[in-house]
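Structures for review follow.
What follows is chain A paired twice: with chain B in the first complex and chain C in the second.
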Partner chain A sequence: MQLTIITDLNKCVGCKSCQVSCKEHNTSGDFGPVPDHHPYREVDGMWWNRVISMEAGEYPNVGVMYLPKACMHCYDAPCVPVCPTGASYKREDNGVVLVDYDTCIGCQLCMWACPYGVREFDEEQGVVKKCTMCIDRIEDETLPASDRQPACVQSCPTHARTFGDLDDPDSVVSHLVAERQGFTLLPELGARPAVHYLPRRQVTGLVGEDEITRVLEEDC
Partner chain B sequence: MRPTWPLLALTLLQGLSAGMLCLAAVALLAPAMDIPRSTLFVWQGAAWVAGALGGMASFFHMHRLAAARYVLRRLGSSWLSREALSTAVYMIVVSFVLLVHLFWPQDLGVWDAVSGLAAVLGLAAVYITAMLYATIPAMRSWHSPLTVLVFVCAGLLSGGAADYAMAAGRSSDLALRGAVMGLAAVFGILLSFQARLFRQGVAALPVGNRHGAVRAALPAAGFRYEPPALPHPNSNLAGIAGPPAAVAVCLSVCLGGGYTVGGSDLAARLGGRHCAAGKRGTGGGFEPLAVFRGCDPQLPRLVCRPTQDAISSPAGRQTRLQDAVRADSAPNGAS
Partner chain C sequence: MALTKDAEPNGQGRQAPKLAEGTRKVHTTCYMCACRCGIEVTVEDEKIRFISGIAESPVNKGVWCAKGGAGIMTQYSPARLTTPLMRVPGSERGQGALVPVDWETALNTVAGWLQDIRQSDPAKLAYFTGRDQMQAFNGYWARQFGTPNWAAHGGFCSVNMAAAGMYSVGGSFWEFGWPDLEEARWFMMLGVAEDHPSNPLKLAISRLKDRGGRFVVVNPVRSGYGALADEWVPIHPGTDGALLMAMMHVLHQEGLYDREFLSRYTNAAGLVEVAPGQPSDGLFWRSSGQDVMVADERGDFVPMMEASGRGRLEGDYRHEGRAYRPAFQLLSDRLAACTPAWAEGITHVPRRTIVRLALEMGTTAMKHPVVLPTPWTDFYGQEHAQTVGRPVAFHAMRGLAAHTNGFQTIRALFDLMMMLGTIDGPGGFRYKSPYPKEAPPPVTPPSRPEDYQPMQAAAKPLLGYPRSPDDLLVQGDEPMRIDEAYSWKYPLAAHGLIQNVVRNAFDKRPYGIDTLMVYMSNIAWNSSWNTLQTRDMLRAKDDQGEYRIPHVVVLDAFDSETVAFADIVFPDTTYLERWDAASLQDRPISEPDGPADSIRQPVVAPPSGVRPAADTLIELANRLRLPGFVDQDRPRYRTYADFIQLWETSPGSGVGLLAGYRGSQGTDTLVGAPNPRQLEAYARHKAFWFEEIAPERKYYRMANRQYLDWAHGVKFIPTADPIILQFYSEPLQTFRLAGQGLWPGKKPRHPALRQRLATYFDPLPFWHPSLEEKEETAGSYPLILLTQRPMTHYHSWGSHNAWLRQLLLENPLFINPQAAQALDLCDGQWVWMESRQGRMTATLRFSDAVEPGTVWTWNAIAKAPGAWGLHPDAPESQNAILVNHIVPDTLTSDDDTVTFNNDPVTGQAGWYDTKVRLYPSELHEVWPKVEARTPVRADMAEWKSLRYSTRKGAGH
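On to the complex of A and B.
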């Protein structure tokens, strides 16, 4: 079993609600807090999930793509074998990569080893923190079924994110990856990330001039 | 991300210590170098001091000493775990070398043997430290056997130079001088290869060539690309245009989307990009209101609002919007 989150880049509008809901839940969750060291001066504190905006092309042929980037929960996670104390580990039953704060010495070698730069250091607590795939929610049997999914998946207003088991060939996420050419980031580094993205497709058919004229006439 | 000072201190001092001890062992086992044993003992003492300082510095790298007792748990997979063990064993053996010379000065055979063992352990410790960095595939500029060679060579060179400085004027140190100069030459060659790796790593970054700090590579640059810190959007607004810009944005939105962003001659004077849409920035039913700088200070944008005529005349508004659509769909600069 390998839990994963699939993001459809066609649907992501870059609203960052996944980023905010992640911080909101995890600050009060079992693996929190997700601190801002200077909340009134520097808004860019710790985020386990960051939406990256990328601009491509020259004006006027410009496009912007949004890419929510959190822990990839790799099959061969490079952050796990480098940890000297075993604080960074991958769960055998569901494949989620976690950090045990009690044994972490804060050496930050895992942050160097992670190709995706998704691990963040908590200066106050002296430990490295990262996305837990909301393990405290998905394993909490007291929650209703609709809440037993990662906060970022639940909050996505366009339903761009899907949560499921990638090892199950019949799961929704496996079908999405297989049918829509799901890809991973930096596959050449051999980490085999579990988190996949569905590629963005070109949208054809721009609004014609006659249509604009019609709308304007109706408007005026 | 940059290495912290305890990490740099441990790496440099460990290499220095192992280098000094290696040269002392070579001089002990090769009497042709003709260096007095008292000098060799001074070298070994200095090696102990350097190693001890490096070891102490490494404790400052740990943010939670409470968990330090788990540090040898992953000897099977983690080079950092192995580094902790090898450094500790090395320091114990170096201490033993000093004790042997102090308390059993007549046992020259034992001293020679333990010195040789300490030198081998020192080299092993430097090798393990280097492997810690060389085995991280995500670090493109380190992930190479060259890293190990540079680490070992840097240790031998710094140790040799320190030994040479301590032995100066005491003996015929021609061989020592030759060894140091040879090491310096090898180190220079290795560094030039490593610099090539760094350049390739930077070139592979999609944005690296536009970022001076990354382009400059070592040691001031981030070891992985970090975009320069963005100023707070509000501070930009206040600093450049002040409240009028905020009013302009609100006003423009309230006026039914009748605002535009894009460079005009004003923006061009500020070094901004003069784009096709800029032609409708002023004139054609628009008047300039303020300059707004977003997160990118290189791209100041002119915030405009529709003129009163354009608002009151539906025909004027329609013409202007059609012009805008043409400008948007035309290739850059060809409107």
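On to the complex of A and C.
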């Protein structure tokens, strides 16, 4: 089993619901807190999921894109072998990459090794923290079934995010990746991220160019 | 393991998982913006553990946004006010030198001022509120006090949208109506960036995307929702009216419009008298029963109701020496000149694009209808075997509204929608209960001087929809309200005009006031324009050294910039600490499929020195013995919770703030006796109530016989009469006649006022340049300055919160690179941005996602140093800019009084009309700056670290 989150970029409006729901769950969760330095001054906080805004093209043919970025829970996670204590590890039963705070010595090698820049260092606690796929939610049997998914998936106001098992060819996430040309970030680096994104889909108009020309000519 | 995101069905029958000791889940309604999503709040050891969406909520269907989740940090805000405050005697207003006082002192002081006002002249109280969600209560309070001077913030926000919709179709966007993206195939959004509203619009766009619908966005800026558009149509700000007129031109030319719909359900076939210079000019020919007359297919003149949709849309007619033309013919004549080429010159949208978009919407509407197997019966008695819709939907908001031509632009949008037949059909614009109402709704404001007398309640609710000049609040040419709402200058000011209040109170125009009471509105900062002068006016003194506005009272939960200008402050609770109602009597949370409302309940206890603002107002009302609040000197309500449950629109009406769980058994809906245990019932049902409208009543409700009968029965509408859509707005024509001196009733004397009415009160939509463009200096300021709200800060009365502020701390000025290079300016450069109001600094950020005639930045980021509990060095005060400083509040007047920079029809603030020029700045910092204050919790402002957790032993 390889748990993953698929984000449909055709639906992401960049609202950062996922970014905040991640923080609100995890700061009081098993892997929290998710701290903030100088919260009411020049603030610099820890976020395990950050939404990146991008603009491409030249006016007026310009695209604007949002991309939530968190741990990719890679099949060949580069952060795992570099860890001198084994604190950074990948769960065999579900593929989630985690950090064991009890054995983490705060050397931050994993942060250097991660191609995606999604690990953050808690200076006060001396450990590296990151997205846990909300492992403490999905395995919490006191929660109703509908809550046993990552907070960022549950909160997403456009339902752009889907959670599931990428190793199960019949899962919704596997179908989405197969049918919607799902892609990973920086595949050339060989980490084989589990997290995938779905590209934009353009819906074109139903009026032909000749028709427009006819109307313009008749009108002018 | 849960691998599905399908929510479980409603909790009933499901084994509720056992919660850990000390943990509880409370259902309530969010208040981080105005959407009012249902939220479940998990509390662990009396601290907020988690806020999430309620799956069954009709508003958010289980999702929640960045703001909603960050409500935790608003609850623990460093800006909380925890005790009543009084300005230190001898200190100056604006310094923010406030000292704690006990509640009795604060209440006694304010009650004393108010008692004096009530006994002498109730109009000397001006009570204005921000985006509060208890306008029904606040309006009732002000009415019982007897002042005409009450309103919320709509004049500064979007009254053009509300009023133009109400005068056209008896509904409007957002709370009043909605694009049906469950069925639409083609969706155009105009003037909406990242807000208005939040989760409901995101959910709807998601559904459109699921179904492969086409999404076109018209906006000077591409961001947020616009990022997902299949096509972005960059438009020059303030010109959407020309685009809409040109699209109507193409639809008309090509015959791609719904003639049957126009004739059956709108007054487009109505015969308008053509008699220039006569008092009947532009008015409908009416039958003895007051029905609009039409020419039927034989050319006979019959009342519209008898013609049953056979009224002709074109032609010239004469009867008994009088000339008539159908309203549609009049618009057709006008559209002839509104060619795509004409609009291209105004909008900067290529004519080819205009033609294409018009053909797309027209073809989709007319050639690809959506058909539902639902039978319905119209008000003519005709039975329709199925429900046929035109699946073209629109959504529009402030980008259209916040211009001084906004009213007529939005009128154009609604007329376009009527042409496409897309009002309340599947896939089009759908009403939300209790709408539709008659267009305009049959409520007029109390307009006689004797309606506002000492020690009396005002005769009627204070806000409404004038039908003719006779409904205005004027004495001669003089306004009766301090904000000049319902005056000759701003006749259809249906939401009041908060933006006019401070200057008028300062100028004592039309009269001086004694007390300005403000609830949840930041009038000294970002809910203001020409901000520096506005702040000066709030603290200005007369020759005797007395404040020109003698008393300023602020009710708020947080230490906003405005609190520093208060003489007395009443601390409010947060939304997680009180009972509250999202009411059908207010701005409803209904869905197109049926009415809904919801409550807030206390999730955690407030600080001991804090009371809900509504409780404070009820306490004041009881001390003042306001009629409606006391019964033979005995208070009817002790708290707002009492009021929510017991108040009725009129004694015995059975209609109150909440529609669910009424009656002594809690089993009645919509109409029923007050239920003193109603709030408990809501609390047991996840804090909301929703009732689905029966399928055969769901569509074309303005014309749906079964719906109209039902809606009348549940008191949504005063009669079950047909609601005729107002393609042609006859009430507007009555104002034009007054401007021409032809109206038999009230009319203005001053030529400038008459000219204004004659020009802008056109009963058919038209486009005119903004009033700013008519300023003599307009040519010196070639760029339009806009702001938009980021999704993370939209409506957020708490954007200072520790998490949200990290998402956006600074706001550069975005400019198209081509436009910048033409000015020899580069990316990252400090510039002066100058309007005719003044100048300020900004840093440029190049963006190709903005049209070249526009510069823009984020709204609601900048804060005064030390306000909102933030450290005075915080980026919000050091690096962020507040463009309100240079947004002009007045126009160069062509009469001898001040004319605000407002739409001449509704008075909506024209704050998207601001024109600026840019040039390099030698100063490389934010300017202007205002004086710094000490944060309300200086210790928190200095915190080095926040490690929020509800786990035991965690840090802050």
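The rule is short, and it goes like this: the second predicted complex is superposed on the first by the 200 of 220 C-alpha atoms of A that agree within 3 Å, B and C clash if a C-alpha of one lies under 4 Å from a C-alpha of the other, contacts with A are read in each partner's own complex, and residues count from 1 in each chain.
Convention: a residue touches a chain if its C-beta (ideal position, glycine included) is under 8 Å from a C-beta of that chain, and two chains touch if they have at least 3 such contacts.
All values reported here derive from a predicted model rather than from experimental measurement.
Novice: Have a look at where A:L206 lands relative to chain B and chain C in the superposition and call it first, second, both or neither.
Specialist: both
Novice: Considering only touches as defined above, state whether A:G126 meets chain B (first), chain C (second), both or neither.
Specialist: Touch partner of A:G126: chain B, not chain C.
Novice: More residues of chain A in touch with chain C or with chain B?
Specialist: Higher number of touched chain A residues: C.
Novice: Kindly classify A:D102 by the partners it touches after superposition: chain B alone (first), chain C alone (second), both, or neither?
Specialist: first
Novice: Per the contact definition in the header, classify A:L216: touching chain B only (first), chain C only (second), both, or neither.
Specialist: both
Novice: Classify the contacts of A:P115 with the two partner chains as first (chain B alone), second (chain C alone), both, or neither.
Specialist: After superposition on chain A, A:P115 lies in contact with chain B alone.
Novice: In the superposed arrangement, does A:P157 touch chain B (first), chain C (second), both or neither?
Specialist: The second partner, chain C, only.
Novice: Who does A:E58 touch here: chain B (first), chain C (second), both, or neither?
Specialist: Both: A:E58 reaches chain B and chain C.
Novice: Check the residue A:S21 against both partner chains and state whether it touches chain B (first), chain C (second), both, or neither.
Specialist: In the superposed model, A:S21 contacts chain C only, not chain B.
Novice: Pick one for A:A87: touches chain B only (first), chain C only (second), both, or neither.
Specialist: first
Novice: Of all the chain A residues, which ones make contact with chain B and with chain C?
Specialist: 43-44, 58-60, 206, 212, 216, 220
Novice: Would you mind writing out the residues of chain B in touch with chain A in their complex?
Specialist: Against chain A, chain B makes touches at 1, 61-65, 67-68, 70-74, 77-81, 84, 132, 136-139, 223-224, 229-230, 232, 273, 275-277, 314, 317-318, 321-322, 325-332.
Novice: Enumerate the contact residues on chain A facing chain C in the complex.
Specialist: Chain A reaches chain C through residues 10-17, 19-21, 23-25, 27-28, 32-33, 35-45, 47, 55, 57-60, 62-66, 94, 124, 138-139, 141-149, 151, 153-160, 162-165, 171-172, 201-207, 211-212, 215-216, 218-220.
Novice: Provide the residue numbers of chain C that touch chain A in the complex, in ascending order.
Specialist: Residue positions touching the partner: 1-8, 14, 16-20, 44, 49-53, 55, 60, 62-70, 72, 78, 194, 198-199, 202-203, 205-206, 209, 212-215, 222-228, 230-232, 234, 249-250, 253-254, 339-341, 351-352, 355-356, 359-360, 363-364, 791-792, 800, 802-807, 809, 816-818, 847-852, 869-871, 873-875, 935, 940-951, 954-955.
Novice: List the residues on chain A that touch chain B in their complex, please.
Specialist: Of all residues in chain A, those touching chain B are 43-44, 58-61, 78, 80-87, 102-109, 111-115, 117, 123, 126-127, 189-190, 206, 209, 212-213, 216, 220.
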